[in-house]
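In the two complexes that follow, chain A is the common piece, with chain B as its partner first and chain C second.
Right after this comes the complex of A and B.
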């Protein structure tokens, strides 16, 4: 009976707590489910399709290579998956990168994806048709029935294949990876291979190659990097390598978008958990304070303190458990919706499985935390004395502050705050944590930029708007430069070559610049002819620091270089080094068509138009901007996520204000009625009431943003290092500083103003009537 | 009272709209400038080189004395001083060099015609192209296809059309140095004829 009575009286508080805990459970369980299901799905599919411990993309290798690999002591076995590399054109757009044509002979059991993003039965691939990655559909706006033209030879017409559907490409399907796979029939594949082989060296545009999946022996003691080094040094594979990736690297690329999403949701869940505890603590202390008289009466009637406390524990414990369970159930549906919506980004169907082994312990831990918290916060019930003694101790400490006519609303608010500081601490804490989180998220949004400039600059070797790489002497670079100049004056230009090298036996990409000023140097000095720059990733992989000496080798030549500094380039998850043209000339041939001309335009906004024109009108060049196919998706998801988090934050503020304002108003009814009877308008009382929130929240928000300014960059920078992004600096910004500083206090103020509407009904008469009853 | 309720709703709406607008972060869509006109792509006078003029005296242009030092062949220690003409083509080339040594491979060696050559990167103006009758050992010329030649022999009556870019300050022993470097480099894994180690000596 006591429980029913408590539930009826406290239904507003209970509903608020329920909503907050539900949001927490839904957000946390969604983050965990998406993360674990994504990892399991992609890793499982990679293993099922036969991705090696590391896989090397090669071209022109002899058939003996596989046998050579299997003679390496730590190699368990190696498999070779043949493929063809070829440039392609879809709907008038040429790809920046070559595509890889896969042979559909049943040896690799690919899965297929329907137009609705669901898994479908394996179809028979007809000659003349091609299956593509779902990510390509969003990049090129290609649909079933469209034609893709593959360029194999200058002397032959491009081979045109019709898109018949999508397949799940677990190795390169993600929109984060520029190279895309095409699954074609054995008849087409063989015909295309023959066309490449028959073309003269000068005419050939495509090339035959393979993915070599290399598996390490289970009992091998070598670390992954040492294993790669052993394979590289024991065989000729380095001579034929186009690029290579460890399983973990491809997994990181494939899961990048999901992991960003899951990571932000997880971080927000932590903030929500803190908010829940703060709000719950506040609500309980206010309720116990309000019910103090009733509790004392019940005790005087013989009810034990533990029994009364049990009522509160049962009510709020039950509500929290119910919210956790409902949040868990809802999260599974949200996860399915998210997985379905992300097919065009992940390139494959993520199979959502309920990760009971992880979620149930997490939820039990949260429930236990809430239980302990509830016990702690309701302990004061045990100390409430019986009626008579209580009356002696009751009463609030009023603080007298001056009241002025012109600033009466503000003065009244200040007086209330000074008198009842403890009641507003929770509101200040909630505002502080929300402001801190929104500020950190805002910093990430600012860094990302409206078009993903942050990621572009972090992943590219050096800033640029447009890059043009000629592949032969017939490319009219002077004409191309006139075209670029027509679109926009060129502010700066430099040249970049990306070449495969080994550093102390470990394979990396060397980013070679003719003008080393363009490297993003984080520490130390820019490199010269005798030194190199390394990323944080390379530094930690090889245990190097500035001043160390390393052996860099390429094309059978080796040189000793000093590490002059650390630089920023997240390309290949940071597995790259920076060299000057002088330094690279000691070990590599600088005279070939390895150089990409980079242009920084006065008006960078026209770069896409210039790129489209050059792609349409010139052959033998690769044109690209500082962007890549998956960037738009990341930018969209990140911006959408920030917007959704602001909405959730607004809902949290609404609930927090509803709970706090409801209790405060209830406890101040008498005082308000007296104020009204003295001639104060309800409007002024409401404004004064909302101003209390504004003052407290402004202090909390300032503290939250201060913490963010002090530690936000370091925190995000630490997280970003796992993606190969070595530096994160944003500082003061609109999205990370100004917006939360304005939005959080204003939302609190607006909601407090709205909830204070019940002051309109307060009158001294109604108060008297209530007490008479 | 309605006024305050409206005010609260308005404030909340402003916060959300302000937030969404800031978060949307959409940059304004740029108007498509279209395609460049024909005179940009093929301007008059760029199809053929400007009318060649007989070299009067390349030295009349200012010369960057000892702008570059060159070692001929790998493992050699003798530095040859090279002066560069202060023209656009030479300055573009100097832009690729620094005080760090650049190992520059050349793949073409012509004993009869007396030069080693290699195509080089970059866009070069042909405004200073000239017709040269007699060539002296140690002279450097840039040809229209982007080929840089070092003549290591005197070639009277060569009658070439190219841009003079520089010359070796000292030519005694130059012919022998190039020939020795070529001979010792036969069988190079990259197929290089002669290596040059080039270091810029001026800022």
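Right after this comes the complex of A and C.
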């Protein structure tokens, strides 16, 4: 009976706590589910498709390479999957990079999926058809029935294949990878391979190659990097390598978006947990205070303090448990929605599995935390003496603050805050944590930029609007530059070559610039003829610091270089170095068509038009911008995430205000009635009431934003380092500073104003009868 | 014939199915100390709140300076409370985090007084109500009598046309009650119009016009000379009249 009565009287508070805990459980369980399911799905799919611990893309290698690899002591075995590489055109758009043509002979069990990423039955691949990654669909706006033209040789017409469906590739399907894979029939694959082989070297546009999957022995003690080094040093594989990735790097690429999403959701869950505890603590102390007389009466009737406390524990414990379970159930559906939304980025639909072994202990731990917290906060019930007829009025402090006619509303609000600080601490804390979180998220949004500029710059060697790489002498570069100038004056230009090198025996990509001032140097100095720049990732992998000497080798030549500094380039998850043209020329060949001309335009907005024109009118060139396929998808998801988080934050504020304002108003009805009887307009009373929230929330928000300004960049930078992004500096920004600084107090103010509307409706006599002063 | 400053005609108030006031006609005159007496539950407080516009009536009109305040907007009624009416309740209903002095001054600021006028008028009332020693304290730290005197001062800081008082001595001991009633008498002598509802005979003695309310209807009226200290003749007239009314 007591429980039913308490549930009826406290249904508003209970509903608010339920909503907050539900949000917490849904957010946390979604983060954990997406993270674990994503990792399991991609890792499982990679294993199923035969990806090795170390996978190398090669071309021109002898057949003996596999045997040579299997002689390496720590290599268990190696498998070779034949590939064809060719440029392609879809719906009038030429790809920036070559496509990777996979042979569908059943040797590799690719999964076939719908355009939404849902698994389908394995079809018989017909000659003349091609299966693509769902990520390509979003990049090139290609649909089933469209035609893709593959350019294999200059003298022959491109090979045209019709898109028949989608398949899941656990690596080349990701929008994070420029090179996309295409699954074609054995008949087409053999015909295309023959065409490439028959073309002369000058005529050939496509090339044959292979993916070599190298598996480490189970008992091998080597770390992944050491294993990679051993393979490179013990064999000639480096001579034929186009690029290579360790299993961990592939996972990082494939899971980039999932990990960012899961990380943000997890961080938000921590904030929500703190909010739940703060709000629950506030609500319980107010409720116990309001129920003081009833509790005393019940005790006088022989009810024990523990029994009364049990009612509160049962009510709120039950609500919290229910919210946790409902949040858990909902999170699985949210995770499926997220997985579906990320197909355009990952190229495969991650299979959402309920990670009971992880989630249940986490939720039990949270439930235990809440139980302890509830016990602690309801302990005051035990100390209430029986028959406490008069409510204690202590608590209001004697403070002197000015009361002036012109600023009476504000002065009244300030007086209330100063007199009853304790009542508003929870509101200030909630505001502070929300502002801190929204500011950090806003910083990420600012860094990302409206078009993903943050990621573009992080993943590119140096800033540019347009890059043009000619592949032969017939490309009229003078004319191409005039075309670019026609679109926009060129502010700066420089040349970049990306070449494979080894650094202390470890394979990396060397980004070679003819003008080294374009490198994003984070620490130390820019490189010269005797030095190189390294990323944080390389520094960590090889244990290098500025001033160290390293051996850099390419094409069988080796040189000793000093590390002049650290620079930012997340390409290959940061597995690259920066060199000057003078430095690289000591070990590598700088002639030939290795150079890509980078242009920084006065008007960068025209770059896509210029790129489209050049792609349409010139052959033998690769034209690209600073962006990459699939970036739009990532930017869209991130921006949507920021919007959703703001929405959830607004809901949290609504609940926090509903709980705090409801209780405050209830306890102040008498006071409000007296003010009304003195002739104070309800509108001014409401304004003054909402101003209290505005003041305390502004203080909390300022603290939250301050912490974000001081530590936000460092915190995000630390997280981003795992993605190869070595530097994160945003500082003061509209999205990260101004928006939360305005939005959080305004939302609190607006909701408090809305909740105080009952002051306008209810008559003074009713208000007076509702509460004594 | 005197002109009424506040007139109620056919005032009716229902609470659900129950009718508390049955079409009451009443006039309040400038300078009068009108007392409404009656047993508990007779509708005294309801009548006071209906006449003062603090509560909506179910029927009838209340006219102040020619305007029906029952039809006035919330804004107009609020203005009226800030300018023309003052209220004293049974419980002091002082604002707990304002000192007595600030409680008085706050009412002045809410009304039309400037900062300086409110401060000056507050000090004047502090002296008049003999609150010099307690004015700087919060309501919780002073005696019931001091708090109620401060509540009276707060009600008259803006010199209202009518001072409404709902059982102002109901929660006070005898000594404090006398102090507060003396204040009312003093204010009345200075020209303040008062409407006081009470079931206390001593409080009723302070009025010069006593109305008796029974079951939501005015059943009798007694006019007495203005109170000028204890007067056995006045007291016996009131006692006799109350007995007539069934007190």
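We take it that the second predicted complex is superposed on the first by the 745 of 773 C-alpha atoms of A that agree within 3 Å, B and C clash if a C-alpha of one lies under 4 Å from a C-alpha of the other, contacts with A are read in each partner's own complex, and residues count from 1 in each chain.
Going forward, a residue touches a chain if its C-beta (ideal position, glycine included) is under 8 Å from a C-beta of that chain, and two chains touch if they have at least 3 such contacts.
Nothing here was measured: the structure is a model prediction, and the numbers come from that model.
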item	value
Touched partner set for A:415, first chain B, second chain C, both or neither	second
Touching partner for A:760 - first (chain B), second (chain C), both, neither	both
First (chain B), second (chain C), both or neither touched by A:674	second
Touching partner for A:682 - first (chain B), second (chain C), both, neither	both
Which of chain B and chain C A:642 touches, first, second, both or neither	first
Contact breadth on chain A, by residue count: chain C or chain B	B
First (chain B), second (chain C), both or neither touched by A:613	first
Overlap of chain C and chain B interfaces on chain A (superposed complexes)	682, 760
List of chain B residues in touch with chain A within their complex	1, 3-5, 7-12, 14-16, 18-20, 22-27, 30, 32-33, 35-37, 40-43, 46, 96, 98-105, 107, 118-121, 123, 145-146, 189-190, 192
Chain A residues touching chain B - in the complex, by the definition given at the top	445, 449-451, 473, 477-479, 481-483, 485-487, 495, 514, 528-530, 555-557, 580-583, 585-586, 589-591, 595, 605-606, 609, 613, 639, 642-643, 646-647, 650, 682-683, 686-687, 690, 734-735, 739, 742-743, 746-747, 749-751, 753-754, 757, 760
Complex contacts: residues of chain A adjacent to chain C	393-394, 396-399, 403-405, 408, 415-416, 419-420, 670-671, 673-682, 760, 763-765, 768, 772-773
Interface residues, chain C side, partner chain A - complex	49, 54-56, 74-75, 78-83, 87, 89, 91-99, 102, 105-107, 109-111, 113-115, 118, 137-138, 140-141, 154
